[in-house]
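You will see two complexes here that share chain A, one where it goes with chain B and one where it goes with chain C.
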Partner chain A sequence: MATIIAFRALIDRACREQPGIDPDTCYDLKLAVEEACTNVVTHGYAGMNPGSIVLCLELEPHQIRVTLTDFGHAFEPYDPGLPDLEASLDEGLSHGFGLHLIYQTMDEIHYETGEAGNHLTFVRRLPARQEP
Partner chain B sequence: MFRNLRVRKEPKKYVSEDQQLALDWFTRSANVPVTLRQINGLPEEPKRRTYRALLPPTLLSQFGIDPVTWEGPDGAGHVSITAKSGSGVMSLTVRRHPDPSDELFYLELEDTSMNGIQVNFILIRDPRGACFRTDCDDEGRSTLFGTVHRNFGAELDAMEAGLAPGQVCQGLRASRQTLEHLEAFLVTTGHSAYFLEPLTYASAWLFERRGFAYVRGHKLMDDIHEGFQPGGRLDRALDGSTPFRQPGQGRTVRGRAWAIHDGILEAMGASWDGLRMIKQVGRHAGVDTFPGATY
Partner chain C sequence: MTPEEEILDIHSEQHRQALIISLAGSFDALTADEARSAIGMQIGEGRQQIVLDLSQVEFMSSSGVRVLLETLKRVRGSGGDLHVAAAGSSVKRTLEISGLVRVLKTYPSVSEAVRDFAA
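Our next item is the complex of A and B:
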């Protein structure tokens, strides 16, 4: 939980310092990071003394790239179809919904796993800025 | 792009199953990692050439040891390699004198069962200064750095001399340099990360500063930090009941480390066990579980 709070604060600060990031984008980034971290803690580090989650935030002129690295159980891509929204509501918006939110709000999602951990990368493109 | 993720229970293996390196290995993709077992299968001279990169030259030269020949001013060899063919373990030992107790550097690496390299042991110490027999009890039995038996008198002396648990002598302030050489070696052999298990709280904190993250144990480190805050469970257990549990010890890394070595984690129903750290080659993870720490 402390990690998620620290990540939210870091994203907030980065959004303030980088021109062209609107509050909605900042909110979506925080939500995506929070959902991804919750996934790692709930599934990746399940049944073990939880390890670290490392956040790397790359602010580029036209996009923001977020990479979360963890060292727990790896995930594998698969397509279970859209989550059952009714069931998800019954279960407190937990089952499969977090990832669904990330897919809805980010422009690119990549996942790779290897010797140096599991890397979940998502990219949010920024609208073209108007020249004054 | 994919739509969802599923937990994979078994890690994927990346390295090849070859037991020994053949010359044609050098013509294959340089991105494929090689194992220590493969290097250990080489003849002695190429094996020595390969592992020589692990030793920082300045560490050797300050003791008059030639970084290439490993000979000292007396003409004798001061560095030994143990890297048997067929084994996935290698170690390097540097001694100032032939006396086995005069060890100043020891590094042991091992192939992990699946993907990478594990540092089993790293010891860098200055035998020129005062040393304390925290590694042996009164009857001369090894304490395994205080993990099996303890030599309370020597530990007390070591603590008062400013050492951390597990230390016998002061260090050589060469851990950064040594880890940089280890990373260079791992890059050469195609690895992108390595692992270790910190023996003590102080070593975990040091490895955090060197860029490591936790595979297991980050939450324990966070809980320890919280416990040592004023009024926390560990802070309350610093009750003066032993020399290693004095009030105020929670303010420093060494103070915490000695209290943990003394078993204070029982106060929060935990133990110093099962921590595992990872260093991604070329990257600093930025983990800091004791912000603003004083060593």
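Our next item is the complex of A and C:
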């Protein structure tokens, strides 16, 4: 779990160094990475020795691309939708809530799995910048 | 503080009929159990009117949202309530994206959250 905190610190630093990334975008990236990593730790590596999570952060002029690679059980992400929170008060919050937050905050989500691990990629597009 | 040392500071203070619980730090997968335990202990001691001061929380994930929902269920089940106060812009974002703002009462300040228990 300490890895997740290090990832958040890395995203913070990258957002500070790259012009045009507003605080909400930075926060959403940290939230999506936190939720994805928590899922990997809780479900991907369930019943296994804890393995690595590799973060690749690509800052492009019009978007930010984050790829998380793990070597645990594959899990195709999906958007479970916003749970009925009133019902959740009685029944408990359903699984997949973290995934819903990722889908709410990112513009594209891709998933691939193979011998080189499971790769979850999400993209957040940046607003067009005015040319001076 | 290194990343591995991240903590959530939890402080509580009785103010009239409300218990103010103040959190400071990150309210996430790493710290949610600590918050759950501290808040649960207060509810177990009979405190049912709780103001959660989030003014010093800089990050909240779905793990924090789960703790808020569980707290809300427990206090409302015994006739009390949970008022969430002073969330900064970042935490507000989690509250909004998660839809939590629709099921709990939020206030811009702790004093307003406390005052509403007296109303």
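Everything below uses one rule, namely that the second predicted complex is superposed on the first by the 114 of 132 C-alpha atoms of A that agree within 3 Å, B and C clash if a C-alpha of one lies under 4 Å from a C-alpha of the other, contacts with A are read in each partner's own complex, and residues count from 1 in each chain.
Following the convention adopted for this analysis, contacts are C-beta pairs under 8 Å (C-beta built on N, C-alpha and C of every residue); 3 or more make two chains touch, one makes a residue touch a chain.
Everything quoted here is computed from the prediction, not taken from an experiment.
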{"item": "Which of chain B and chain C A:104 touches, first, second, both or neither", "value": "second"}
{"item": "Partner chain in contact with A:2 - chain B first, chain C second, else both or neither", "value": "both"}
{"item": "Which of chain B and chain C A:27 touches, first, second, both or neither", "value": "second"}
{"item": "Which superposed partner A:35 touches (first chain B, second chain C, both, neither)", "value": "second"}
{"item": "Touching partner for A:49 - first (chain B), second (chain C), both, neither", "value": "first"}
{"item": "Partner chain in contact with A:75 - chain B first, chain C second, else both or neither", "value": "first"}
{"item": "Doubly contacted residues of chain A, that is, touched by chain B and again by chain C", "value": "2"}
{"item": "Interfacial residue positions of chain B with respect to chain A in the complex", "value": "1-9, 11-12, 14, 33, 115-116, 191-193, 213-220, 222, 274-276, 278, 280-281, 283, 285-287"}
{"item": "Chain C-facing residues of chain A, complex", "value": "1-2, 4-6, 8-9, 23-24, 27-28, 30-31, 34-35, 38, 41, 82-83, 85-86, 88-90, 92-93, 97-98, 101, 104-105"}
{"item": "Residues of chain A touching chain B in the complex", "value": "2, 39, 43-44, 46, 48-52, 54, 69, 71-81, 96, 99, 103, 108-111, 113-117"}
{"item": "Touching residues on chain C, where the partner in the complex is chain A", "value": "3-4, 6, 26, 28-30, 59, 61-63, 65-66, 69-70, 72-73, 76, 89-90, 93-94, 97-100, 102-103"}
